[in-house]
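Read from first to last, the chains carry the letters A, B and C; within each, the first residue is number 1.
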Amino acid sequence: MNLFEYTISELRRLLVRKELSPTELTEALFSRIAEVEPKINAYNYINHERAIERAKTVNVDLPLGGIPIAIKDNINVRAEPCRCASKILEGYLSPYNATVIEKLIKAGAILVGRTNMDEFAMGSSTENSATGLTKNPWDLQRVPGGSSGGSAAAVASHEAFCALGSDTGGSIRQPASFCGCVGLKPTYGRVSRYGLTAFASSLDQIGPLTKTVEDAALLLEVISGFDPNDNTSEKMPVPRFSELLETLSLKNMVLGVPKEYFIEGIDGEVREAINKAIAHFESLGAKIEEVSLPHTPYAVATYYILATAEASANLARFDGIRYGRRSKHYEDLLDYYGKTRDEGFGSEVKRRILLGTYVLSSGYYDAYYLRALKVKEKIKQDFSSVFKKCQALLTPTSPFCAFRIGEKSNDPLQMYLADIFTIAVNLAGICGLSIPCGQSTEGLPIGLQIIGPAWKEEVILALGHLYQKSTGWKPPIPPLEKT
Amino acid sequence: MEYEAIIGLEVHVQLKTQTKLFCGCPIEYGALPNSRVCPICLGLPGALPSPNKQAIILTIQTGLMLGSEIAPRGKFDRKNYFYPDMPKNYQISQYDQPLCKGGAVQLYPLAFPKDAQKDPQAQSRKKIRLVRIHLEEDVGKSFHFGDYSGIDFNRAGTPLMEIVSEADIRSPEEAFAYLTALRQILRYGNVSDCDMEKGQLRCDVNVSVKPIGEEKWGTKCEIKNLNSISAVRKALKYEIQRQIHILELGGEISQETLRWDDLKGQTFPMRTKEYAHDYRYFPDPDLLTILTEGELIEEAQKRIPELPEEKKQRLSQHYGLTEYQASVLASDPQLADFFEKAAAQSANKVSVANFLINDYLAVASESETAIPIPPEYFSELSNLVDQGKLHMKQAKEIVKLMVTEKKSPTLIVQEKGLAQITSLDTLDAICKEAIEANPKSVADYRSGKTAAINAIKGYVMKKTKGQANPKIVHELLEKKLHELG
Amino acid sequence: MEKPSIDIQYVADLARISLNEEEKKMFGEQFASILGYIEKLKEVKIDDVVLKGEEEGFKNNLREDLPQDGLATEDVLRNAPHHANNLFIVPKIIE
């Protein structure tokens, strides 16, 4: 078996026993990157030298000692670019570390580079990137999903052992599903957002993309916890997720299947694979119950009001004054702003800023923003009432498998509907996990979403782990070919 | 036709905290540009605000001191507009749920400008009602050079309290008194130093005029960024006349934003911003609710000092001061504290008050906030006079010397040989000499012109360089003259 | 509410994005379809929703007023497109 195929749990054992050095491991990963990257283009920035320097001195006894990790391009790392796949942050070097980066460094991880994404995390295909397209390792003519498409493609093609992504409406889970890896969106407030370039502050959460659920648990354990620098992070104890994986009993466990997630328009093969996964849990002893989340059909509309409104303010700071790219030709201050922002932002970002500006503008606040906040509350209530009868929910992560590059890029609304099954989890502030659960006849991965109540990551992780163990999951090596 | 003015004030006050409202950067006036900044107050991608507890407590304390209603929940909103001195291009402020609602500022005669303290309006004891008090972040500072401007973000993020009054003010003098009274309370509470030179208190003024008796208010204009209390008065005086003049000529006031040019003594319209103001307020999703009940309000309550009105009453009753004396002392909490310390060791409290008010304040420099000498100096001084060791005229001179030379009155008296001669033997001899040297005055006195004693006394005072105790000299001379038969 | 129409120029001005005619046309059409979709929120009964602003058992999360180190000036200015004398330089601000 090649070194790049290993999971972090396996690597940890080798590292601690000194059967493998962090330098060897890091070099092995870099040769895999050299081989695969030209086909995938998952990275925006790679710092080979810095990683090797770090590998030489890192303490392998730390929780992630010697483990290389890829970081989404919207999380700040001191002295590295944090481009958010945008032209407007061309040349930007961050002067500070995000809290999650501080935690990773403290835990002994080795930062390898920055992964591609949709510009400012706005998109579901990683096509909205100023640094080029990332390809789906299972079919190079297809998108890896988004916005954390680079992180998912890197992990799936084994040019990263694990990665951090960010999830605002499905941006970790959907690409994990498209690429066939594991992606976790933690409960809102579980992981500090300090240093994550904000898209929609009330929905954004950083989370892991990994080869196995076990690895996701390991990584989540390290990055979680209250942070005084993030007012919205919660003072909740962080369970030892990786140690709780095997403690779950499916006896007396009720898993809900929300009927609104099995609608018309869902791909037949996806439906089949999900039903099979549900049956598998039933065979392991879980009780399966159909439940209803009646406000599901309103999630996408609610999301596009709240997320764009917040984004319109969050992205106002990109004005070419303190940092970033500015327009070269301008007449006065107003023109400076207008041209800098027109030239610096891509279409999707402009579209969302404009939409968000509109819904907040004078006379529309109540009709759009306030109403959306109230519908969000309804969506939250839907989940709290079903979680009274069941411990977790099983749904598809996406209604379809990875689509072709360019297939949806001209119709924003169709693209928005790609997130139809993931968005409600962000609106409710709860946690969700996507794990691979089969393939389409074309060989494309299908993702199962396991949704848990707030602060119950240990439950969905244990369920995911049980699924992978009982089905003999082994992270596959994708063909890296065009079909 | 007689007109009256309708005036409302928006006052921005920098709070006395060590750090900024949403980050730990120290607040320091006059530091090197952009040397007191961090990812948060520079608005770098990914930085998040972390609210300063002290700033919230100080705002609540202000509300409590001014009789406002404290909101059970505080909430921060984003106010969206682009401006180069604003790092995020939105300002974190409070929109529909300010920390404090209502309240009032009580005017008092001494708060009015000196030349208006005798006016009936200064005696009215009017209360100016407040609309609200909220907390927000300050912006950076711009400097203008030719075709471009330079920005320093050191000030960006400083906690700023906005105090909005009702349009209860009717004259430039009332506006002056309102600001003076408000500043007094803020200083009392140690909420802000309110140093206007450092921009710690800034003021926007809304003003309109209407014929007296008319129900409908006129079109109002806003004068922005006035940076001294006297500028507020001057700008209002000018602007009210300008508006009346337009109306008298049959013109119409156009709603404008103005700026005050202190050198020219005129208001000028600011060049209108190109776009409409549509601030798109919405709750800041980076910040959680602030529950004020419990710890925050309790802490704020603990910090409320004795307020000016209460202090005045107490000083007057406890030390037997006149209302004027009590209110001058109470106008400055530091001065009042100083007085109380000095009075504690002095037999004559009223004389201590007089030295402070009539003599010290006359020589104290405006810029000096603290009194540069210990209060014991004043106790000593008043006791020296009281014991007859100094006479009043000398004591008044000594106040000046105490301040300039920072020496105790006893030391000054010794050094300058100013102590009164009270020794009966010494004085007796000099009086004897005086009687011998002034036969004409002695004769006059004896013929019934008792005022002639003053000439003899003058001789004694001259001989002793004014150090003789005049009372004792007078008694001795009378006695001796009578003895002469 | 009648079919939503959006004043693209007004919104673009507020957002400080100079759009060309082509972009204005494109965004205009796309917004009509997106806002049309968003209209479905009107179906939801929301009269009973009270937005409280915090969860049960919420406790304040405030920072003590203690100074912390900021950024070194070179870090502050390194990313600035234009700076001089420690100041960020912008085209003249008109007041």
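Some notes on this structure:
Basically, contacts are C-beta pairs under 8 Å (C-beta built on N, C-alpha and C of every residue); 3 or more make two chains touch, one makes a residue touch a chain.
In this text, all values refer to a predicted model and were calculated from it rather than measured experimentally.
When chain centres are defined as mean Cα coordinates, A lies farthest from chain B. Closest to the protein's overall CA centre, chain by chain, comes C. Centres computed as Cα averages put chain A at a distance of 23 Å from chain C.
Here the CA centre of chain B is 41 Å from the CA centre of chain C. Inter-chain centre distance (chain A to chain B, centres taken as mean C-alpha positions): 57 Å. Along chain B, residues 39, 42, 50-51, 80, 82, 84, 151, 153, 278, 280, 288 each make contact with two or more other chains. Among the residues of chain C, those touching two or more other chains are numbered 10, 14, 16, 59, 61, 63, 71, 76, 88, 90-94.
Listed for chain A are residues 92, 95-96, 228, 231, 312, 316, 319, 321-323, 333-334, 337, 357, 361, each touching two or more other chains. Those residues of chain A whose C-beta lies close enough to touch chain B in the complex are 74-76, 82, 84, 89, 92, 94-96, 98, 193-198, 200-202, 228-232, 309-310, 312-313, 316-319, 321-323, 333-334, 337, 357, 360-362, 365, 369. Interface of chain B with chain C (complex): residues 17-19, 23-26, 32-39, 41-42, 50-56, 73, 75, 80, 82-85, 142-144, 146-153, 259, 270-271, 275-276, 278, 280, 283, 288-291, 295-296. On the chain C side of its complex with chain B, the touching residues are 10, 13-14, 16, 53-54, 58-71, 73, 76-77, 84-95. By the touch rule above, chain A contacts chain C in their complex via residues 91-93, 95-96, 228, 231, 235, 295, 297-298, 300-302, 304-305, 312, 316, 319-326, 330, 332-339, 341-342, 345, 347, 350-351, 353-355, 357-358, 361, 367-368, 371-375, 377-378, 412-413, 416. Interface of chain B with chain A (complex): residues 39, 42-51, 78, 80, 82, 84, 87-90, 151, 153, 274, 278, 280-282, 285-288.
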